[in-house]
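Right after this note come the structures.
The same chain A turns up in both complexes below, where it pairs with chain B and then with chain C.
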Partner chain A sequence: MITTILLDALQYLGYILIFPGFLFCFLIGMLLCGIDRKLVARMQKRVGPPILQPFYDFFKLMGKETIIPAQANRTVFLVAPLFGLAALVVIQMFIPIFSFSAFSGMADIIVILYLLLIPALSAIMGAAATGSPYAGVGLSREMVVIISCELPLVMVLLAVAKTVGDALGVGLCFSLSDIAAYQAVNGSLITKLSMIPAALAFMMVIPGETGNHPFDAAEAETELCEGMLAEYSGAPLGVYKLSHAIKMLTLTSLFVALFLGGLGTGIVILDAIIMVVICVVLTAVCISLVHAITARLKIEQIFKYYWTVVSGLALISLVLAWYGL
Partner chain B sequence: MFKKLIADSTAKSPWLFHINAGSCNGCDIELVSVITPRYDAERLGFKLTGTPRQADIVVVTGPVTKQTLPRVLRSISQVPEPRCIVTMGSCPQSGNVFKGSYSIAGPLSKYVHVDVAVAGCAPKPEAVIDGLALATQILKEKREKM
Partner chain C sequence: MNFFDYHHFPVYSIMVLFLGAFLIVLMGKNKTVRNIIAFAAMACSVACMLALFKPVMLEGEIISYWMGNRSIAGGYAIGIALEVDALGLFFGLLISSVVFVAGLYSFQYMSHDDNQQQYYTLFLMLAGGVMGLVLSGDIFNMFIMIEILTFAAVALTAFRNQVYGALEAAFKYLVVGSIGSTCILVGITILYAQAHTLNFAQLSLLIPGNLNNATKLAFALLYIGFSTKAFLVPFHPLAADAHGAAPASVSVLISGVLTKSGIYGIIRLTYFLFQTMGLGSMQFMLVFVGCVSMFVCVTMALAQHDFKRLLAFHSISQIGYVLTAVGLCTALGISSGLYHAMNHTLFKGLLFLAAGAVLHETGTTDLGKLGGLSKKMPQTTILFLIGAFSISGVPPFNGFASKWMIYQATYQKAVESGNIGFLLVTVICLVTSILTLASFVKVSQSVFFGQLPKEYENVKEVGLGMRFAMGLLALACIVSGLFPELVTTYITEPAAAAVFNVGNYISAMGFDGSAVAAGTVSFESVGVWTPVSWLLVLCIALLAITIVALAGKYDRVSAHEGGETVDTKYQLFYGGEENVFSQVGGDDLFWGFKHNWKGYFNFMHDMHSGIVNDYALWAVVALALAIVFTQIVL
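And then the complex of A and B:
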C-alpha cells in the first residue's frame, strides 16, 4: 500500500522534473530557439550563431549580477518570471505526446487556455513592478497583443472541440487525451476539410503568442529598449529567455496534439522524437520564415490582423464544424 | 564544473550596448556594419541590446562631450558585473580632431577603466571584431575572478 503510493509519487516527480516536465522543456525549448536563430541567419545569408547559443546565453545570464531598481517592488520583480516558467511547464504536462499524457482530465483545453495567459500576465506584473516608463509602454502593448491572439485561439479550440465532440456524441469534447484517442482511430484532424482553416489560423497565432518578430511590438528593442524586460538583468532575465523558448515548444506541440494526432507509433520515446521533429518544422515555417521576411508591425496593425484575417479563418472552421461538415 | 560552464558561456555570449558620446556618426555606422551579413558578428554570439541592464560589453563612440559625460557614466554604472568597456575610434581615446575644444570632457579613460581601445577614424569592421573578441576574453577572466 505504502510502496504503491511512494512509487506513484516518484513517478509524478519524474513527470514533473524530467520527461514531459522541466528538463525536457528546457532542452527542447532551447534547441528550438537555437534552430530558429540559425535558420533566420541562413535565410539572411549569414553564418549565424551556433545552435547551442541559447544555452550559452542562459548560463551567462545565470552568472551575471542581478540589479534590482531602487523604486521596484522586490518580491514581485523576482517572483514574476518564476510564475511564468512554472505555468508553462504545467501546460507541457497536459499536452499529450500522441497516446502518452502525464496528466489528463475532463477539460484540459480550458485549463491550457487559462495557463497560457499566466506567462504573459506575470511578465506584465513584473514589468509594472519595475516602475520604468519603457516597461509601462511595453506592458500596455503586451496587453493588446494578448487580447488580439486570444479571440482566434479560442475559436480554433472550440472548432476542434465541436468536431471531435460530435463524432464521439458528447457535444463539446475538451479533453486532449480524448482528442488524441479520436485521431489515433480516425486519422489526423488536419485531413478533414473543415479543419484546414483552423490549422492555418493556429499557425498564424503561434508567432503572436510567443512574441516573435513581426508581432514583437511589446519588446521592440530599437524603440522601447526591450520594453517589458527593460529593467531585468542576470538570472531573472535568463528565466524570461527560458520561458520564451519553452513557449515555442508549448505552442508547436499543442498544434501537433490538436491537428496531427494520428501519427504516433505507441512507443513513447519514438513518439517524443517524432513530435520534436514536427515541432522543429513548425518553428521553421511559422516563426523563422515569418521573422526573416517581415518587418515589425505597429500595435494597431497586429490587432487588426488578428481580429480580421486570423479570426476570419478560425470562424470559417467554427461554422463548418457547427454544421457537422 | 558549473563555474567553468558559466565562465565559458560568458565568453561565448557577449551582448553589446552602444553609447554615442557626441560621435560624428561614422563609427556608429561602422559598428552596425559589423552585424550585417558580410561580417556577421552574431556567429561569435554578439547581439545588440537596447538597454544597459542586459549588456556585457559597452561600446563608446565619440569624443565624450561635456553634455554627454554624466549620461555616459550613468549608463555604464547600470551595466551589471562582469562588464567590459570598449572605446571605438580615435575620439574617445585622444579627442582626435576635437582635441582642445571647449566642449570636450574626454578622453574617457580619465573617468572609467577602459578595457579595450580600438583606434581609427573610423576603424575597419575587422578591427572592431578583433577588439570585441579581445573583450570577450577579458570578460571571461573577470567572471573567473568573481
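And then the complex of A and C:
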C-alpha cells in the first residue's frame, strides 16, 4: 500500500522534474532556441552562433551578478521569473504528447488558454516592479500583444472543440486528452477542411505569443532596450531567457496536440522524438523564417493584424466547424 | 412562542439591522457604543443567515413567514410575508457577509470623518433594505425596501460632500434611481390591479397564464426598474459617478450588494413572476443586455484614469457576465451565473477596499498621480493583486472558476440551441476577460508598481483593521476558487434548483403550485479543471525550480543599501539621458489597443456626457424599447 503510494509519488515527481517536466523543457526549449538562432543567421547569410549557444548564455548569466534597482520591489522582482518558469513547465505537462499525457484530466483547452497567461503576467508584474520607464512601455505593449493574440486563439480553440465534439457526438469537447484520443483513431485534425484555416491562424499566433519577430514590439531591443527585461541582469535574466525558449516549445507542441495528433505511434519515447522533430519544423517555419524575412511591426499594426487577418482565418474555421464541414 | 426557532431568523436578520440603525441615532454619540451596536447588528444578521443554511440550502425547506400571524383569507394572500427559498438565502448570505466585512473595514477607514453617527445609521439602513428586499415574499414590501436602500445609497454617495463631484453624483443617482423606483411602483400597481394580490407566490401562480397588454407593460416597467438598481446598460454611468465619490466601504455595498439586488429582482421577475424564460426572445433580451453591459463597460473601464471609477465600470461588466449566464436559462447557466455573482461580490469588495486603502493613505485615487506604492504598502499590494487576478479570471482564483463555467454554459447553449449567436457570446465573454486583465495591469502599474512620486515617500501601510477586512475577502476569493465543486454543490446548485422549481415556491406559501412545471438542475461539465491538483503540481515545480535556482546562487544579488547617494549601477537605465521622474501609467498605457478603436472610444466619450438630462433620456428610451419589445414578444 505505502510502497505503491511512494512509487506513484516518485513517478509524478519524475514527470515534474524530468519528463515531460523541467529537464525535458529545459533541454528541448534551449535546443529550439539554438536552432532558431542558427537558422535565422543562415537565412541572413551570417555564420550564426553554435546551436548550443543558448546553453552557454544561460549558464553564463547564472554566474553573473544580479543588480536590483534601488527603486524596485525586491520580492516581486526576484520571484516573478521563477513563478513564470514554474507555470510554463506545468502547462507543458498538461499538453499531451500524442497519446501520452503526464497529468490527464486536470485541465482542458480553455484552462490552458488561461494558464498561458500566467507566465506573461508574472513577467509583466516583474517588469512593473522595477519602476523603469522602458519596462513600463514594454509591459504595456506586451499586454496589447496578449489582447491581440487572444481573440484568434479563442476562436481556434472553440473551432477545435466544436469539430471534435461533433465527431464524438457530444456537441463540444474541451478535453485535451479526448482530442488526442479522437485524433489517434480518426487521424489528425488538420486533414479536415474546416481546420486548415484554424491551423494557419494558430501558426500565426505562435510568433506573437512567444514575442518573436515581427511581433516583438514589447521587447524591441533597438528602441526599448528589451523593454520588460531592461532592468534584469544575471540569474533572473537567464530564467527569463529560458522561459522564452520553453514558450516556443509549449506553443509548437500545443499545435501538435491540437492539429497533428494522428501521427503518434503509441511508444512514448518515439512519440516524444516525433513531437520534437515537428516542433523544430514548426519553429523553423513559424518563427525563424518569419523572423528572417520581416521587419518589426508597430504595436498598433500588430493589434490590427491579429484582429483582422488572423481572426478572420480563425472565424472562417469556426463557421465551417459550426456547419460541420 | 419559541424565539429561537429558525423560522423567525429571516425577520431577525432584517430587524437587527434596522434596530441597529435606530439605536445608533439614539445613543451613538460615543464611538465605542456606536461601533459595538453596528458590529452586533451586522454579526447577528450574518449569524441568522448562516443558521438557515442547513434547513434551506441543504434540506431544501422553503420558509414562509407571516408578520402578525396573518394567513391566506378568502383565497388571497394579503399581508406582509417573508419567503426564503434557496435563491433568497443565497443572496441573503452573500449580502449579510459582505456588509459585515465592509462594516469591519469602516471602523478604521471612516475614523477621520465627521458625522459618523449618520454614516452608520445610513449604512445599516442600506444593509437592512437589501436584506429585506431579498427575503421579502410580497412585491410591495420589495418596493418599500428598494426605496429605503435607494435613498440610503444616495445619501451615502454624497456622504463626503466636501469631495468634488460627490453631490453631483448623488443628484444623478437620485434622478435616475427615482425613475427606476417609479417604474417599479407603477409596475406593481398594474399587477395589483390585474391580479388583486401583492403576494409573490400568488402572483407567480396567477400572472403567467393570464398575460395581457397591461401585465406585459408591468413586465417592462419592472425590468427597467430592476436594471437601474443593477446599473445595467444604459444606466451604467451612474455607477461610475456614485462609486467615484462614495467612501470605499459604501462602494463595496453599492457594487457588491445593490447590483446583486437588481440581479435578484430580474431573476424573480423573469423566472418566477412571469416565467417567461422559456421564450427564446426573453433569453435573447437578457443575454443581449448582458453582453452589451459586459463589453461596453470593460472598454469604458480601460479608458478611465480614476481607480474607483475604473472599478465601478468593471463592476457592471461583471454583472453583465452574471446576467448573460442567467439569461441562458440552462442549469449550468444559472449555476455559473450565481457563482459569478458571489465571486464578484468577493473580489470587487476586495478591490474597492484596496482602493479605499490607497485613498486613505495618499488622499487620491487618480491613476496619473500615483505610483510605486508596493514598496510602501506591500500587504495591500498583495491583497489587491489577489483581487485583480480574481476579477481578470486568472487561474486558480475564483473569477476563473466561475467564468470558465460561463464559457461552457454559453457554448453549450450555442450547440444545444443551434443558434450561432451564442457562439458570439462565448467569444465576447472570453475577450472581455482579457480586456479586464489589461485594465488591471494598468492599475497595478500605475498605482502599486512603477515609480514612486516624491510626495508619497512617507506613505505607510494601512491599519490592521482594514488589512484584516481585506484579508477575509482575499481568503474567500482563494478558497472559493480552489474548491469550485464544493461551491456549486452546496451553494449555487440549490439556488439554481429553486429557480427551476417555482412550483415549490408557490406551494410553500400555501397555494397549489403543483401545476407549474418543475425542472432539474443536473448538468455535466464539458471541461475539466481541478485547481487543487494544479496548484500542487505548480508548487512542486516552483519548489524544485527555486531549489535549483538557489543552489545556482540565484540570490547572489547586490542591492542598494540605504544612504542618500545611489550608485549609478543601482539607478534605473535611461539610455544615457538624464535621470528624471518618468512614471508610465494612467490612461495612455494601452495606446496600441485604443488607437485602433479610436472611433469607438471617441463615440463612447461623446455619449457619456455626464449630463443628467442625457442619462434620464437614456432611461426613458430604454423604457420605451422595453415596452415595445415586451408587447411584441410576450
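Throughout what follows, the second predicted complex is superposed on the first by the 323 of 325 C-alpha atoms of A that agree within 3 Å, B and C clash if a C-alpha of one lies under 4 Å from a C-alpha of the other, contacts with A are read in each partner's own complex, and residues count from 1 in each chain.
To be clear about the criterion, a residue touches a chain if its C-beta (ideal position, glycine included) is under 8 Å from a C-beta of that chain, and two chains touch if they have at least 3 such contacts.
As the structure is a computational prediction, the values presented were derived from the model and not from experiment.
> Is A:N73 in contact with chain B, with chain C, with both, or with neither (first, second, both, neither)?
A:N73 contacts chain C only, not chain B.
> State whether A:E209 touches chain B only (first), chain C only (second), both chains, or neither.
It touches nothing on chain B or chain C.
> Give the label of whichever partner, chain B or chain C, reaches more residues of chain A.
Answer, by number of touched residues of chain A: C.
> Classify the contacts of A:Y232 with the two partner chains as first (chain B alone), second (chain C alone), both, or neither.
first
> Would you check which partner chain A:V47 touches, where first means chain B only, second means chain C only, and both and neither mean what they say?
After superposition on chain A, A:V47 lies in contact with chain B alone.
> A:D271 in the overlay: touching chain B, chain C, both, or neither? Say first, second, both or neither.
In the superposition, A:D271 contacts neither chain B nor chain C.
> Regarding the shared-chain residue A:E221, is it in contact with chain B (first), chain C (second), both, or neither?
After superposition on chain A, A:E221 lies in contact with chain B alone.
> Can A:D36 be said to touch chain B (first), chain C (second), both, or neither?
neither
> With both complexes overlaid on chain A, does A:M62 touch chain B (first), chain C (second), both or neither?
A:M62 contacts both chain B and chain C.
> Taking the contacts chain A makes with chain B in one complex and with chain C in the other, which residues are shared?
Chain A residues touching both partners: 62-63, 65-67, 134, 225, 230-231, 234.
> Touching chain C in the complex: which residues of chain A?
12-13, 16-17, 21-22, 62-63, 65-71, 73-76, 78, 82-83, 85-87, 89-90, 93, 103, 105-108, 110-111, 113-115, 117-118, 121, 124-125, 128-134, 136-137, 139-141, 143-144, 146-147, 150-151, 154-155, 158, 161-162, 165, 170-175, 217, 225, 230-231, 234-236, 239, 298-300, 302-304, 307, 318-319, 322
> Taking the touch rule as given, give the residues of chain B at its contact with chain A in the complex, in rising order.
Checking each residue of chain B against chain A gives 5-10, 12-13, 37, 40, 42-45, 48-51, 53-54, 56, 78, 80-82, 143, 146.
> Can you tell me which positions in chain C touch chain A when the two form their complex?
371-372, 374-375, 378, 381, 385, 389, 393-395, 400, 404, 407-408, 411-412, 415-416, 420, 423, 426-427, 430-431, 434-435, 437-438, 441-442, 444-445, 448-452, 526-530, 533-534, 537-538, 540-542, 544-546, 549, 552-560, 566, 569-575, 582-585, 589-593, 595-596
> Using the touch definition from the top, list the residues of chain A that touch chain B in their complex.
Within the complex, chain A touches chain B at residues 37, 41, 44-50, 53, 55-60, 62-67, 134, 221-222, 224-226, 229-234, 237.
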